[in-house]
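Heads up, the thing below is written out as structure tokens.
A, B, C and D label the chains in the order they appear, each numbered from 1.
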Amino acid sequence: MESLGHHCGVAGVRAPEPRNVPETLFYMLFSLQHRGQESCGVSWEEGGAWNGRKDLGMVAPVLGSLLGESHPSRLGIGHVRYSTAGGGGVQNAQPLVIECNKGRVALAHNGNISNGALLRRRLTGEGSIFQGSADSELILHLISRSRQEGREGFLREALNTLEGAYSLAMMHEDALVAIRDPSGFRPLYVGKKGGATYVASETCALHAVGPMPYRELRPGEVLVADSEGERSFFLEPRLPPRRCIFELIYFARPDSEVFGQSVHAARTRFGEALADQDSGRLAADVVVPVPDSGNIAAIGYARRAGLPFDFGLARSHYAGRSFILPTKGQRELAARLKLHAVPEVVAGKRVVMIDDSLVRGTTSRIIVNLLREAGAKEVHLRLAAPELKWPCYYGIDIPDRDQLISNRLDPEGIAREVGADSARFLPQDRLLAALGDRDGYCCACFDGRHPFPPAAGGKEGA
Amino acid sequence: MESLGHHCGVAGVRAPEPRNVPETLFYMLFSLQHRGQESCGVSWEEGGAWNGRKDLGMVAPVLGSLLGESHPSRLGIGHVRYSTAGGGGVQNAQPLVIECNKGRVALAHNGNISNGALLRRRLTGEGSIFQGSADSELILHLISRSRQEGREGFLREALNTLEGAYSLAMMHEDALVAIRDPSGFRPLYVGKKGGATYVASETCALHAVGPMPYRELRPGEVLVADSEGERSFFLEPRLPPRRCIFELIYFARPDSEVFGQSVHAARTRFGEALADQDSGRLAADVVVPVPDSGNIAAIGYARRAGLPFDFGLARSHYAGRSFILPTKGQRELAARLKLHAVPEVVAGKRVVMIDDSLVRGTTSRIIVNLLREAGAKEVHLRLAAPELKWPCYYGIDIPDRDQLISNRLDPEGIAREVGADSARFLPQDRLLAALGDRDGYCCACFDGRHPFPPAAGGKEGA
Amino acid sequence: MESLGHHCGVAGVRAPEPRNVPETLFYMLFSLQHRGQESCGVSWEEGGAWNGRKDLGMVAPVLGSLLGESHPSRLGIGHVRYSTAGGGGVQNAQPLVIECNKGRVALAHNGNISNGALLRRRLTGEGSIFQGSADSELILHLISRSRQEGREGFLREALNTLEGAYSLAMMHEDALVAIRDPSGFRPLYVGKKGGATYVASETCALHAVGPMPYRELRPGEVLVADSEGERSFFLEPRLPPRRCIFELIYFARPDSEVFGQSVHAARTRFGEALADQDSGRLAADVVVPVPDSGNIAAIGYARRAGLPFDFGLARSHYAGRSFILPTKGQRELAARLKLHAVPEVVAGKRVVMIDDSLVRGTTSRIIVNLLREAGAKEVHLRLAAPELKWPCYYGIDIPDRDQLISNRLDPEGIAREVGADSARFLPQDRLLAALGDRDGYCCACFDGRHPFPPAAGGKEGA
Amino acid sequence: MESLGHHCGVAGVRAPEPRNVPETLFYMLFSLQHRGQESCGVSWEEGGAWNGRKDLGMVAPVLGSLLGESHPSRLGIGHVRYSTAGGGGVQNAQPLVIECNKGRVALAHNGNISNGALLRRRLTGEGSIFQGSADSELILHLISRSRQEGREGFLREALNTLEGAYSLAMMHEDALVAIRDPSGFRPLYVGKKGGATYVASETCALHAVGPMPYRELRPGEVLVADSEGERSFFLEPRLPPRRCIFELIYFARPDSEVFGQSVHAARTRFGEALADQDSGRLAADVVVPVPDSGNIAAIGYARRAGLPFDFGLARSHYAGRSFILPTKGQRELAARLKLHAVPEVVAGKRVVMIDDSLVRGTTSRIIVNLLREAGAKEVHLRLAAPELKWPCYYGIDIPDRDQLISNRLDPEGIAREVGADSARFLPQDRLLAALGDRDGYCCACFDGRHPFPPAAGGKEGA
């Protein structure tokens, strides 16, 4: 689909003896790169001091120099960040590192605090200053302001004021602290290997270190790993869990497990459910995924429908962000450079074109046109998700409502606009049925039932 | 498969009236980027003068600045270059542009002149100087040395001394000249749109301009496009055509046509032929391609074998060349960063792992190991090409013979070395049968039957 | 002399109507580049929003892109920063911009708060968090913490707790605020042109805007320029003024006025005083300055002594920081690349070699050797300052005491160590007499009489 | 003065045993940086192979990486290049390295071949091809074309066809060859240290290696240094020597010797001659040089006239090429950023402002204005050279005749245009008298008496 604002990813390591923790964090963050490409950073302990490196840019250019260096360290955290245009300055790059009356604290945050603007006003009223717009800074102020002295005490006091989504990796003194909000919006996993503790947003970042046993942190869990080992305590839940359904639809990497689900398996089942819906109602010759977002759902669709799956669209490996195309005509050409239709696969065929979801519809229009140019006889657009209609206050950057095609048009209208012969979505009940878990997911971007109300200015993601 | 030295790609434009030819060449070269990533360049006419831009690096960074600029031009050519380590200086970047007694000439070359070293010795004996090692410089000297005055005359005289592979895009005075060697080793296509002539190594570069009618230049054809239109003459053939089979196996982009064949169709048939060979002899659960080189053959295999195709290996979109991993242990980790196995697909399964061909076998060993770690019960390696055993003197950079795994081990030995349960190649006769054309291909890298003998030092590709 | 840690420079603009304030700040900061080369930045109002740009690096590369852009603005401040090795991260680049209960505040600081560490401990005890080590962050916390609501009130409350040196440029709401500490350690000037107010550390930054009337802020003065014009109030003095003598000796640019003195005139008089001291005691042939630090004192010396002044040492214009020389032998060669002796001037001569001051003595040793190689018969080293023996707590980065050559050796010992025939300093009383003002200067780096005691960790400059 | 197109500089080393020749060449070229800033390069022998590095840019960024590397080598040459706008591509960067029937040859050239266009036409007629516009390529063709086999033979044959200026550093087989044209237009020195031979355009590049005995090559001398030692032969002179007077006026570094003259001494005498001319005719208070081009002549003038010398103009150390100012108003500001007048020195004074020469006059106008703004009562412009009126065909890039202010205005008119109270030049006979050598100099840019006629297109410098 069209690129939807990813949120962020976090990682952390606590080892019993010094090893090259920044290098390990490099590998983990590299595996989480799909969760944020705007900035990245790491902080780590080394010989008692805390060091850090962070900047705008991707993991390889910003942190690659760490690979040739020696940094014996027991503790470190890292972050990849996506951010909306306005909030993407280097001052918001994470981890944030501060000195306060609780000692040194470093923090990396994935999620969005929906009552953040309200809390900021309260804190500035009490004399706090804010240098950036990241929720991390807000959380650090709350920690510093707490009158509780012990770590469990001040974390409980600080975090209980928060509403919304937060998966956190934190350094405090000699401890790695991993925190998942009580609603469990964002995933957070912990693994163990060679005596060390590893935490990461997705299991693929643990695989990058090597095979290891792992488990998901429970909603509300605060895991502390320090020289005395690991232990957990739990924040009070205020609502039942609300896992973000978009992690399974789009964000997470297919080889990851999130929310206890194989991402690959979930997407295959979404594709199967789409095929069931078309069963007996659509005659077609070939199933073609939009690469790579529609790949797995297309496998599921083709298998269930008994239709051939084929690579009717190819994607250039070399089309990155490295050049900018100033005019509209050039942008049309740019789409041509990034995707190409394969005549051999689609010429004279009735094509089922599978994507994961639909945002503005502009890219779909271009792709349908490419398929037509390559000779497709019919093009049927199928989306492995419901119609996207609402904003998210918990970390996903969805365009304004009036830019969402499903707020303007019904499926028939969408088919007309993108030039397809038909268009069909996967309804929310079928989606959840395919997961075998009708509760416990936040589907607010589809149904508008937001578990926490937004605060003014609360859309800023992390 | 492991990266094999791509050769090069060429493009050219001749328009009846001034338009932004360098911008068009950018789009065309961008689409040929898979044929060479070391350097690239364009030359173009503008207001009677000839301009150029070339450097080490890929198309987007080196030539992207052209997109914002205005360059009214009627004529231009471009080049992407792969080169072996030693010969990769910027002085070998193409097009080469010279002044000589035939006027100004710009030249871009794809292929390798197998008697190049011999011709160089002859030319220096006559007083010529060589600034680089590219065959283009050699060809330009031959043109300058010719006593024939007319363009057809001096081209015939110069080119008739060459042995080996050359597809050329050339500017001479106000003409675009496109030349394909009499053996037709490398592809070269010409298309027509809006009164302009476009030439390119593959049809995908013509698609980048937009839909247009096109045809392949015939072996030995010299096409001239100038203000008086297009016309062709033909060089004398010395041998029957010898199209490079590796263009279809690996080099060309799947949405291209080369040698009159759909690349996608050819690779699908190679996969089907592989499946026929296993028919009744192999029990398996799932067909998994090595992304992306094995994708299409895996589709063909799965379909013919009646087995499910699935994405059991995923590839990171962010693993480019931008960081360097100094130690061997880090390189192991690097492979982990670039590819990941999907447990959902392979755990407990008998996996057929499809790749296009096998060079050294080192990457295959790592991939098999990833599949085993993810729980695969059996792994059967299938290669959609014969065993690679010989060097190429016509433009493909194949490692030394003793590094080719098929010169050291038979398929059973290979299976043992990479950790697979079995390994099997597609024999040359089945490969050619799948193409429906048993003649007209050069298979020297498989069978050692080289159409032209190598000259000393003649391995340098372009 | 050897490079001594410069401190920082500040600039600010308040215009009655929108104009390109960031561009003007570029010119002003460019003129203050000699006061800090590690990082720089600007903040400015534009259409009600506040924008900024800052990074590690010099003014031209970091801020040069501002010159081609349009930024209609009424208000802006800027900063150039020198910092010691440890504290030079981009997080300390200024201006710092915050949101707090006083509204938005941007701050740029030149100086050093000598009780900074103590104040930080107090503030963290009250719940404040610190992201960096710059004094600016400290001052902003004090402003935010103040219970006074009006600008004059909270500034008085915040600033009265500070000890040490601070010249500040500040944006608050629609006002430019310029503040000079009650001791007047660092210079700060204000000028008026075309209805706009300009503030800067030195007058040379005002000249960069064009000729304008200007005056120095008085110690303790707080100048506010907003839509209602300019007005000042004054902080309580706690000590008599203590202007930094090193501004006149070394830091300020010769065409500037600081502390009401022409820098060029002051240095000329220092040279004359040196000559008076040698009068009748030294026979010499030529006066040669160490370029460019000794240039002006050498003019004064030569004129008073009646000796010829000549360029016996030349300096390469191309020796920047752009290459790094790893070994000691290479560093010797590097000095040779940066300075060269002119045989024509010094061969067979008794040379008076003039520099502004002496820190470690290592560069002087190399220069004396260059003069000897070029044939100098005698070399007499003269320093236009007293012997440097003590640290500075107010913004100058002086090496540790045991690295200062004057703590190890007397002038005779110094002459021996650097290879000179004699070495002589300008005593503090003669220095002050040359200024015609024996009071009102801080000479603590010479005499150890520090007006404010250092706090632990208080050496960090800004 | 305003920047006049420098030409180029060459260097070479031949050592009896392997040492780090590329590093030594770095130091030598760094010292010749003032002779060319557009591109630079080195070639060197290492273990029998020839390596090289060259690119657009200055010595430190382009070649600085050599300093950390090990390159045992016996032989190498280097080049710094200035070039006119059109001819500055990287393909013209030197040294040029070729293979030909004389073996491998590398060449670096300083000067300009005035019959170059004619020779090119002859060579292309015979089948040679030209990839660039540098005279080096031309000379290499002539060498390759020679039927003489021995080195002396083919060099004599090749060089005898050349007219104009050439100082060459060349590698051929294991020999360093240094060549100065029979007219001796450009300087070329050879030194000996530690058994090794060093050649360079100016002695300052020999000083960069360390003190050593040296001598100037005689006009027409060809020096060969190889494993058998050093020996020379001489080309036939066709005209008496014609040393370029501008080397002494402007190009060469003050600590260099060129043409057997101390550059510093020559410029001092030019200043004295200027003062003699004003003697009794001009009442003034202070002599101020335009930094740094007027520095030394101002010393001579002040001393002879009995007037004080002072730094009334200061130059920013930070004003390099790193930012570009798009509009005219910004260029005015740029001049302000680069130079500043010191009121203390010039206010209320009658100033003699000394520069080395006058080209277009635009910068002088800005400087005079700065002096007036700073309070100068009178400004008298004095130039230590005759009026510049003619082009140069031997390597100096002088603007078109109609841009030279002395072709438009007499000294009175010039004074009016730049805003000075008077303007006066040093006539050619006084200039030559100051050198004590009225013959042997080329003054064609002043008197139009060119020793060799220009060939069409012959202005290209090197």
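What we mean here is this: a residue touches a chain if its C-beta (ideal position, glycine included) is under 8 Å from a C-beta of that chain, and two chains touch if they have at least 3 such contacts.
What you see is a predicted model, and the numbers here were worked out from it, not measured in a lab.
S.K.: Applying the touch definition from the top, give me the chains sitting in contact with each of subunit B and subunit D.
M.R.: Common neighbours, subunit B/subunit D: none found.
S.K.: What chain is the most remote from subunit D, judged by the mean position of CA atoms in each chain?
M.R.: A
S.K.: Could you put a whole-Å number on the gap between the CA centroids of subunit A and subunit B?
M.R.: 37
S.K.: Could you tell me the distance, in whole angstrom, between the mean C-alpha positions of subunit B and subunit C?
M.R.: Roughly 61 Å separates the two chain centres.
S.K.: Determine which chains touch and list them pairwise.
M.R.: Between chains, contact exists in these pairs: A-B, A-C, B-D, C-D.
S.K.: Give every residue of subunit B touching subunit D within the complex, in rising order.
M.R.: Touching subunit D from subunit B are residues 90-91, 96-101, 120, 124-131, 140-141, 144-145.
S.K.: Could you please specify the touching residues of subunit C with respect to subunit D in the complex?
M.R.: Residue list for subunit C touching subunit D: 27, 30-31, 33-34, 37, 58-61, 64, 67-68, 204, 207-208, 210-211, 253-255, 262, 264-265, 268, 292, 295-296, 299, 303, 308-311, 314, 316-320, 322-326, 330, 333, 336-337, 340-345, 373.
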